[in-house]
Structures are given as structure tokens and as C-alpha cells.
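Chain IDs A, B, C and D follow the sequence of writing; residue 1 opens each chain.
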């Protein structure tokens, strides 16, 4: 297989396979969760489930002061790499083109040197997150293989993307193909790991807010 | 010298045995070319070979003592675009000199001889210069059925293998000869393969492009003629001096890419302002060629300068990249249809799995034994 | 049928619903919940990380209700729940968690971890992995009617004392009363003044109320140990009594989990909505306040703070009321650094105080409350949960702190205008 | 299809494009310094640089015209001009069709190609000798 054949494969059949697994996985996971259903709450309501749920979806992005002070590193690093991932994934012009091709519409991009810098910061943040995970007592205790796999699968597209952008070590088609392949790996793995939180956080936050909201508590 | 270049080639297509043993220096001097003219020739050659001007004295020295080689040019499944390109090389005077210098013993498009005479010329050149002649090939070789392409009743494969046997080196010209090119494009009806696919025991220089830049062809020829060696090649057999950097890296529109300024259509403000053509499908980032510096048509311009995205023609399988106007980050195939089927299929699967979950839970609830205080201990 | 692993696993399977599935799907192992749990912050022990305590339930969800888990199970790759595991988890789930729900408030994914641990207890109990002391308390609750073994004669004796002290009649089994008061065993045995306070306030407010001789116990051991069947049985007793006496509102006393049990879990346990309302005593008092039925005289001058009982504030929704009530009799009120829905648990809820095995850790984690109190240095602590009150007194003694504990209801009664 | 209207192109020109103009002029300055210090010659092949449209002109305009302009007739036309900066020369080779085949900037006291070459001088000597012998 030549490198262009490789590139054409990842842009063609490889991408199709990844997207199929990605979409199917997410739908299946959501069906698995939602079709389980939950019982109607028979207790007399003190507040609204809906407003509580919607409220918590938003408010859980902002930790309370005490929690921020106690988990500063986790929260700051978490913010950095999440925003970094958002910027690199959604505001890099070539990526927007991909989205435009797949979903039919687009949005403005950031200048490439900005995205480039953000990518570096994000990679550093993810490395710091791993170092923290390996050194913090609780995190070390909680960490399992999946956590490490997910970390790897998340940082790979960033690293391969950075290398592909700067063309380090190999020729451009191979680098681009490796980058796309790493993204496909991420797409395939996402629905079946904790990366699914990218979607289910809406559900879990809503349920939390709804349970509390029903009792008249803002959670 | 104002005569047609093609004619120049034709004039020299016969076997001129008298010049074979002379060095280029001797040939030039006998033609009354001054040393100053020779220096100019060397300077132009250095520029053509993309070599540093500091190399000019070395080139001069090497060329003076270079001997006139025999060149056999074979054309297989091709469109003659490569030959067209070559004969339009803009360094006309210099070109003439080169073609004066080399003995182009066989080129069935350009040579005067035809039929048996032509084939005899090839065989004679092969015999006389066994192990020393240079073989140039354009076009791919069909492997599904030898009848797809024959010359004088000889299949392309047979002619290539026979001619390659005694060659000192092979220059594959054009993307068809180097990587299969358009004949090799999906679904490759003729089973086209490249020269490199068939020949493994000879040095091969790949000069891809559809067509290759004329001065790149002559530059590679000159390198071989000047130094008698093949230039440094990249991992897919291309001379690094010409194919060492991507179009994107040398593109004068690169700053627009970095600033995120793109032409969205061929006639928008961005296009008029000469912004980056990435979004219009430019393959510059994955294409290695010298267009950005060498340019085309006597150095007039090149595709991106003319406002058209790079097609990536010097890369293998450039024809199968999902469309010339589809940018590199886009998937090559239409994903919408797939996505719709997936959603439908997954929804069905999801409902089935959800039902299984519900079922499992119901049976757990059914299996529930009321726990009383007597059941709290084992 | 006695407890068994099989029963426990089945119970866990029963617990999984869309909330559980979405919660486990969202956990990213960020560890932030550990910092919200006093059993971690004060011990540094990572096994006390809240989400980790729900691991048995997570394993069942994963292996039974997810595609990948099921496939993994076929190849023996998905982690299993076995006796050994449950033995390990028993102390994590019962001794090192008060179901205070502070973790549920900080999880960036919005996982209601306390709910998951509450559900995990259902499986633990069914598998025979509940603490001995909790089993004992539960048995007493069912057979005697009170986890502390308080029987009706004991209540009647206390009522007699109270009637003598206050000169007020304590209405027993009065049909058609507006309010039916529940009491926790602790109130009956340790703080009978509470009954007197209620009598004073309700008499002044001019409302009719009663205590049922058939269902006076407010606490619910079934909730704490995690056996829904038993919890339902205990709730049903109250429902029956309330329906028999045709009361409009049942009042949950100064007890945290009792409020959770009757107000929020109760109707769901018995499987139908109540025909009466359930209110916490603080809610009732606040209604009286709003209606102008409470006439207060004199203000406390000492520096007061309020300890939010988890099940009443964070998990119950009664947060504003106590503050408004305290304002009536105090000009010198100060909040703890984290308060209201973010208050730190005293360390004794969720059955921990009934579990002697957990005494040591219970007092150790009190350090958290001590730190909170050290920051504001109050003269007295007001609370609205007898269990919190007893443990706070216990803890303050252990840490050589001399801060009196006050019941909100009792203090309010003391300030009633004659 | 509507008639195609003429499109007004507004290609941006300037050293903010490829950023090669400034460095090149600096390289020339460096070349002059070298020439003064060591007498060494610097030759820059303009065709080896990716230049945006207009940038070559910009370089040539900046260098300007000096005192010397020479034309050679050797395998087609060549132009050798000294720029306004003495020691900086532009050497342009044309082919028969007046197309530029290569263009160099040479930093030297005298471009090599302008000098009479030893071989040519020797050839000239023998030719003159022969001519004189033929026409005494």
C-alpha cells in the first residue's frame, strides 16, 4: 500500500467504517440507557424536574468555590484541555471543511497559528493530567486500563495532528493519513468507553438536576 | 538557432555514431561554442538541476569530460503529454545542446524512422551500448492482457523487460510510468502497473507529474549525464532536489493559509485577492513537486498562481483522491447516505438492545423475593 | 429465604434504571468527588472515593445492561461481583458513607453518587453484607417498632412527664386532627423537651395536632440498611395510621433520614401517592411564621450558627426555612464556610451512628466539622436533626470543644411570647 | 449560461506574502560584507526561491540601475547589469525566444561571465595567428 493509497483509504472506507461505528455506538448507548426508563416519582413535588434538570446541565460546568479550591489542578487542567480540544477540533479550518462536507454547514475558523498554539497547550495539559493521574493517591487508585486507553486515544489525534501540520519525520500524505486514522480510532472507541460522557453528560446532569429540582433544591 | 525543437530532436534521432566517443567539451568546442557560452550553459544547467550556483564550476568540469550517451525512450500506456511537455522545455537553446549531446536512438513519437527500421534502431542501440544506455519510459504497463497495448506486435511488458536488461539506469517519466497514473486509477481496467513494479534490479529515477515539469525532466537527464550517477531520491524514488518539499511549504499563498484566509469559490473576493485554495480542494499539502519554484510555461506561472488548486499529480493515485475539488480534510466518499442507513440500523439495534435490557430488568424484578428481617443474615 | 450473593446480584439488577445507566456512562474517574467526601478528606483513604463505593452496582450495570459489557461477560472479561468483593465493600458502603450527597453536588458530570450508593446498599443487604448493628436495628424497628427498642409505654411515660412540665395536653390518637406528629426514638428517649416545645408552639398557633399510638416512630431503618421491602413496611405503618386518623399533614420531626424516608421515598416505596401531605417540622414552623402565628419575644445574643442536616437541606430541600426561623430570635447569626446545600455532614448519618463498628472513623471525620466551626467560632450550634445533634455533642466532646447544641424547634418554643 | 464578465483581479503584492524579499536583501548585504572582508563572491539563483507574483520585480526595483549595463551574445542573449549598489550585479540569461532561462544576483567585483575566458583567449590567439599567416 502506498502512502497515498493509505491516505485515500482513511479518507474513504476507513472514515465510513469509523463513522458508522461512531453513530451506531452512540445511538445504541443512548437506547440502552433511555429505554431502561425510570419510575414516576410518586412523592408530592416541591419544584420542577425540567427547570432543575436544565439548570444543572449548565451550572455543573462551573464548580463552587470550595470544590475549586480543593480540586484546583483537576478543574483548571480539565478546563484547558476541554477548551483546547474544542478549539482544535472545531475551529481549525480544515476540520470545519470536514464538518461542512459531512453535516452540510460550516462556521468561521481561527487563524492556524492560534490553533497550533492551542494544540501545544492542550497536549501539555493532557500530559499534565496523566502525570497527575499517576501521582495523585485517589486518581492512581481509581485508574484502570480504560482510563489510560482513553487518554491515549484522546492525545493521539492532537499529537499526530501537530506532527502532520508541521510535517515532522515523514512525508505529508503519511502524516495526514496517520492523523486521520488516529481520529477514526477515537471515533470507534468513543461510544464504548467513558469518552461517552461527551454525550451522556447531558443526561446525567439533567437527571441530577431533576432529582434535586423535584425536591426544591438547586443542584 | 531558430529551428523547431521537435525538428532538432528528429534531426538527432538517427544514430550518430561519430559523436559517441567524444566528450561534451570536445563536441562543443568543435561546434565553435565559446567558453563563455559554455559557462552560461553550465549556469543554466545548475539552475535547472536546482543546484546551488556554487556548484557551477563542478558542473562545468564534469560536463567537459562527460561522454555522449545513448538514450532509448519507450512509450507505453500514455497520452504523449510527457513528451509534449519535454519538447516545450523553455530553455530552448540549452535543450538543443543537450539533445545535440545525447543520442536519442529510439523514441517512436519523435523519430523519423518507422516500422521495422525503428525497431532495428532500438535493437542496434541496445547491442552497441549494452550496459551503458539510458532508458526513459513514459506510460504504464498493462498486465491484465498484453494485447491492451503493443508496439510493433511486442507487448509493453516484453519490450520493457527486454530493453531494461542492458540499461545503465531507467528514468520513469510521468505519473503513469512512475506510479501507474491514470490507467491505474480505480478500477484499473488494464491492470496497469508502474515501471518500478516490474523492475527491481536497476536504478530507477521516478519523475512523476501529469505531466512532469519540463525542466525537471531535463534537469534529471542532465544530472545523469553530468555526473553519471542518479541523484538522491526520496522514499518513492523521486529526486529530492525537485520533490523534496511540498507545494504547500513553498507556496506563495501559504501565508493566507496560516492566517485562515481562504477562497471559498472560484469567483469570490478571496479568489480575486489570491487567497489560499485549500478549501477548493488544493492538494498542495500532500504533494511534493517543484511547481512553486520552477513554474510552468517558461516560468510564467503555475496552477495555484493561475487560481486553480493543485491536483497532486506527482503523487501516486492522485486520481483516486475523492475529487480534485474536495479538500484534503474531507472524506472521499459521501457520508450522508451511510449516516442515514446507520442511524436507521442503529436505532433498530438500539431498540432491540433496550428491549433486552428492559426484559432483563423485568425478570430481575419478577425474581425478587420479598426481603424480611429474617432474610438479612445468611 | 436467607441472604445470598444471587439475591444480592438480582437486587442490584433491579436497581438499574436510566438514571443509573446515564450516571455510570458519564463517570470519567476525575476524582473530584473524593474531595467532597469527609470520609476521604479526613482519612486520605482512596477507597472512600464516593463513586468507588458504588462499584458493585457499576459492575452489574456494565455486565448486564451494556453491549460491550455483555460481550465481555461472554469472554469472562467483564469484572464480576462476588462474595469477596462484597465483603471488601461492606465497610466502604456502610461505615464510610453517610449518604450525605455532597459528592452528588460537585460531580462535574452531575452523577448523583449518593443515589448510586443508596441503591448499592439494596444489593449489599440482600447479599447479607449489611453491618450486624444495622441488621439488629432493623429487626427492632420491625418487631418492636423502633430501632432503639422504644415501645409505646415508654412514649406514654415521657408524655406524662411533658404534660406535667408544660401543663399542656399532648393529644394522642385524635381523629381528624390537622397534623400528625412523628417522633424519632432519640427524641423520645433523649430530647423529650421536643414534644413539649411542639405542644407549646402548636397550642399558641391554634392548630390541632396528634400523635398516633400505632405509628409514632419516624425513623426508618429499612432506608439506612437499604432494604426497600422493610422500608415500605415501616412507611406503610405511618400511612395506615395517618389514614385511620384522617389527618391532613404528617410532620416529620427533627431527624434527617426520617424526612427522606417519609417525604421523598415513602410514596415510591409503598407504590402510591399519599392521601395526606408530608412536611418537615421546620416547614410547618415557617408556615406558621408566614401566617403570623408565631409571636416571638427576646433575642438570643450569643453567636449562633446552623448545621444543615444533609437529608433535610441538601437532599430534602428545607434550606431557607431554618434561617428565617432563626432570624426571628437571633441577631447574631453566622453561616459556616460551606453551608446550606454545600454543608459538610456531621459524619453520623445514613446508619453510621447505629453502626458501632464505624465509631472510630465517625469521630475521626468529625475533624471536618471541627475545622468549619473553628473558622467561625460560634457560641452555640442550632440544628434540626437529633442524630446530628447527638453526634455533634459526641464529636465536640471528643475534640474538647465546648459549644452547646440547640434544637431549632425547642429554642423557638423558648422564645414564644406568653 | 450568462456571458462571462471580466473579473477584476487584485492579487496582493508585497513582502508580506512569502516574506522572502527582506531576507534576500539582507543576504545581499551579507554578500557585500563578505566581498569586502574576504573578496569572496556570492551568487543567488533567483529561480530557486518561491516568490509571489511581483516579488521579483520588487527586488529588482529595490536594487535599481547602476553604472554598468552589458549585453552578451552567447547561446542567446544575456544581460549583465550593475545595480545602484556597486558590487551587486544582476545576470539574466535568455534563450533564442527571448525567454528568461535563468537569473542570478551576483555579489562580485566583476561577474565571471563578463571576463574573457582563458580558453577563448587562447583560441583567439591561435585564430589571429592563423589569420595573420593567411593574410600576410
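Rule of thumb we're sticking to: a contact is a pair of C-beta atoms (placed from the backbone, for glycine too) under 8 Å apart; a residue touches a chain by one contact, two chains touch by 3 or more.
Predicted model only: the values in this text are computed from it and were never measured.
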item: Chain whose Cα centroid lies at the greatest distance from that of chain C; value: D
item: Nearest-to-centre chain - CA centroid comparison; value: A
item: Chain centre separation in whole Å, for chain B relative to chain A (CA means); value: 41
item: Separation of chain A from chain C, taking each centre as the mean of its C-alpha atoms, in whole Å; value: 37
item: Chain A-chain D separation of Cα centroids, rounded to whole Å; value: 57
item: Distance from the mean Cα position of chain D to that of chain C, given in whole angstrom; value: 92
item: Set of chain C residues in contact with two or more other chains; value: 16-17, 65, 67
item: Chain B: positions in contact with at least two other chains; value: 353, 357, 361
item: Touching pairs among all chains present in the structure; value: A-B, A-C, B-C, B-D
item: Chain C residues touching chain A - in the complex, by the definition given at the top; value: 16-23, 25-32, 34-36, 40-41, 44, 46-47, 49, 51-52, 65-68, 104-112, 115, 263-268, 271-274, 277-278, 313-317, 319, 337-338, 341-342
item: Sites on chain B touched by chain C in the complex; value: 353, 357, 360-361, 364-365, 367-378
item: Chain A to chain B touching residues, read off their complex; value: 2-5, 7-8, 11-13, 15-16, 19-20, 23-28, 30-32, 34-37, 93-95, 97-98, 100-102, 104, 109-113, 167, 171-173, 176
item: Complex contact set, residues of chain B against chain D; value: 1-2, 33-37, 39-41, 43-44, 46-48, 50, 52-54, 56, 90-94, 97, 250-255, 267, 272-274, 292-294, 298-299, 301, 305
item: Residues of chain B touching chain A in the complex; value: 179, 234-236, 246, 248-249, 257-260, 262, 278-279, 285-288, 312, 315-318, 320-322, 326-333, 335-336, 338-339, 342-343, 345-347, 349-351, 353-355, 357-358, 361
